[in-house]
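A, B and C are the chain letters, set down in written order, and residue numbers restart from 1 in every chain.
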Amino acid sequence: MIAFSWRQFRTQAVIGLAGLVALAAVLLATGPNLVHIYDTAVAQCRSTGVRAGNCNNPASGTYPFLQTLALDLVLVVPLLVGMFWGAPLIARELETGTFRLAWTQSVTRRRWLAVKLGLVGLASAAVGGLLSLMVTWWFSPIDSINQNRFDPAAFGTHGFVAAGYALFAFALGATAGLLIRRTIPAMVVTLVGFIATRVLVTFGIRPHFMAPDTMTVSLQGGQGGLNITSTSAGVQVAGSPPTLPNAWALTGTIENNAGQGPSAAFLRHACPGLTNGAGFSGPASGVEQSVRGGTREAVPVPSRLPDPIQQCITGVASKYHEVVTYQPGSRFWAFQTYETLLFVALSIGLAGLCVWWVRHRLS
Amino acid sequence: MSWVIDAQGLGKRYGKRWALNDCDLQIPSGHVVGLVGPNGAGKSTFLQLAVGLLAPSAGTIAVLGRGPAADVEQLARVGYVAQDTPTYARLSVEDHLRFGSQLNPIWDDAFARRRIKDLDLPVRQKAGSLSGGQRAQLALTVALAKRPELLILDEPVASLDPLARREFLQVLMEYVADEGVNVVLSSHLVADLERVCDYLVVLVDSRLQLAGEVDDLLGSHHRLVGPRRDPDSLPPGQEVIEERHTERQSTLVARCDGPVLDPAWTVEDLSLEDLVLAYMGHGAEARRARQNLEVVS
Amino acid sequence: MIEFHLDSRSGVSPYLQIVQQVRQALRLGLLRKGDQLPTVKEVVGQLAINPNTVLKAYRELEHEGLVSARPGVGTFVTGSLGGQSLAAHGPLRQALQRWIVKARRAGLDDESIEALFRDSFRSSAEEDIA
């Protein structure tokens, strides 16, 4: 049965392998150069006494097309695996009637299914894992500069968690194919289900893998994330999570030492230049640059903010600070493991459902 | 006596519709059994129940003494070719033989390869580009090479041209002559089955109409032609299956327990096709009667 | 080696057709003592009929003393048809021809002559049984 499953899977496996090898070749060819550019820039910065954090390193802008491509691949390949390896696995046999040939040989349905799920599932996880590890390795100079791998946008494309994603997408596809019995609708369900699950886990479950740490950040000098909104009703402030290198900032709250936020009266007093309903609204930290509401202005980094806003910030910062909850960067690999295990558990659950269904419900 | 297939009250329902209803049938071993009936009569359903592709909604079925597809051993004893002979379109003939050898504990590879060679099937060609007749021969080869005790074929020749049909049956009968395997094959055309079957089962409208050895059936059913008569006036032991009347003449198809002694009747033999047609009409009548009953009550 | 054929429309059952064809072959000298009949597998592979049909025919021929089955080897012709060919029945043939002439003179056409013959033949066979 294993040999036959492999024969059925062979073409798809070869395509997947070819893609992996092609990408590996490109990454291998360009990786050392990327490291070289990075190292050169760091050495130069050091020699001129510039701190690493302020060093302008061209490596982060090198090979922009390849950067985008690699990250997109890690994002998309698990889904493709689910749609093209998972959905047709059983649906195609049900659609074409070949299940009537397969289930009347001397193999029980459950064994037939278990072998197919096991073989292609393993391959799916391997593809997802290898791909993401390759890309993570290649990105390491860039990651040293951007330090954003724990962010929701980047977490899934780094490390090895994509192995879990790919396995899950495959299991989802196979289950959909078994229940729906048609390949194309199963592919659609896989697409929707996979994206929905990823979003749900990223924003609803991942933050809770471990209880977040808390720290206090001063609002002076544009640190922290301070959002100032000015409307005809008055001035309001809110906190947004600041950028923390290699860590995942979750929430930011503007508080004073007693744990209270600034009152409307305080804000009217501290931010007189903004109470005339000028319509300023936006983050006052030095990271985000665009100013929304009223008129749009592109404000480059770093520059002085308009005086009324600067005055407001100073005023708020004198009495208030930001309390930030975050997941420290040291937990990155633990989180990778937890999330991978979660998706593996989901996959096993789906596989179990398939095996039960094929025996009891499919006649 | 051990039955090859033993069905008791067997039924299969899809929603409200019964594809097979209340089927009591015991098929003895050592025969080539023909399962005949119009399209939609339940033949395919019955055969799929026998190989475990479907589960009964009512009643039971035992195949070679055990439940269908009960375990690997049971699966190995029964060979099956589904309607439209499904094959893996992207796999070659050779791949299919490997498929058979890898998925069956008993596999006569020499037989399979000799068969393929005798039939001139191109070994490396993908099954999807074979003709219908070639695909049917391939599927039959795979089913035979696992050396089953029972071979079940669902409309194996329905979509074949006359030559392919003849070749398929030749191969099948040679195998039966050699191995003595039990065969059940279905068709909606009696002509397909006449030459090869010595046991007949007739299904009409999801119900069993008739089952028995062909010789017995042909010996006990006759066409009676004579002057116009009320069929109820026939003596007991003569059951009318089909009747047609003109002003002066009655033509009956009847099952007779003994010889017909009334000299007014001309007694004629029936062909198998006539017999089956009579029972098909009989079945349709019964359905109408049932429907009328339902409407009234 | 003799080769069989089947007429599916003749109304005669297949096994009987085989029996008749063997007898005919014996009559015409196409089969002689010691000749081997085709194996069941060969017949079945050529005609696509049930092996039991062939077995039944060969058993019937064996019962009539015309053939004999040697297990593991085959079925061989052992007898002949009464030792007399049709040619030996000259007087019978002439009597029949005279009767046909009479029937024609009585106004019967070909079909009526055949029907009359078949009817008489059948009722005399039934009398034999009864």
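Here is the rule we use: a contact is a pair of C-beta atoms (placed from the backbone, for glycine too) under 8 Å apart; a residue touches a chain by one contact, two chains touch by 3 or more.
Since the structure is predicted, the reported quantities are computational estimates derived from the model, not experimental observations.
When every chain is represented by the mean of its C-alpha atoms, the one lying closest to the mean of all protein C-alpha atoms is B. Among the remaining chains, the Cα-based centre furthest from that of subunit B is the centre of A. Inter-chain spacing, taken between the CA centroids of subunit A and subunit C, is 89 Å. One finds 32 Å separating the Cα centroids of subunit B and subunit C.
Taking each chain's centre as the mean of its C-alpha atoms, subunit A lies 60 Å from subunit B. Residues of subunit B in contact with at least two other chains: none.
Taken together, the subunit C residues at the contact with subunit B in this complex read 6, 8, 11, 13-14, 40-41, 44-54. Chain contact summary for the complex, subunit B toward subunit C: residues 32, 166, 169-174, 176-178, 194-198, 218, 269, 271. By the touch criterion stated above, subunit A contacts subunit B in their complex at residues 1, 3-4, 7-8, 11, 96-98, 100-108, 363. Of all residues in subunit B, only 48, 51-55, 69, 71-72, 75-76, 78-80, 82, 84, 86-91, 95, 98-100, 102-106, 139, 142, 146 touch subunit A in the complex they form.
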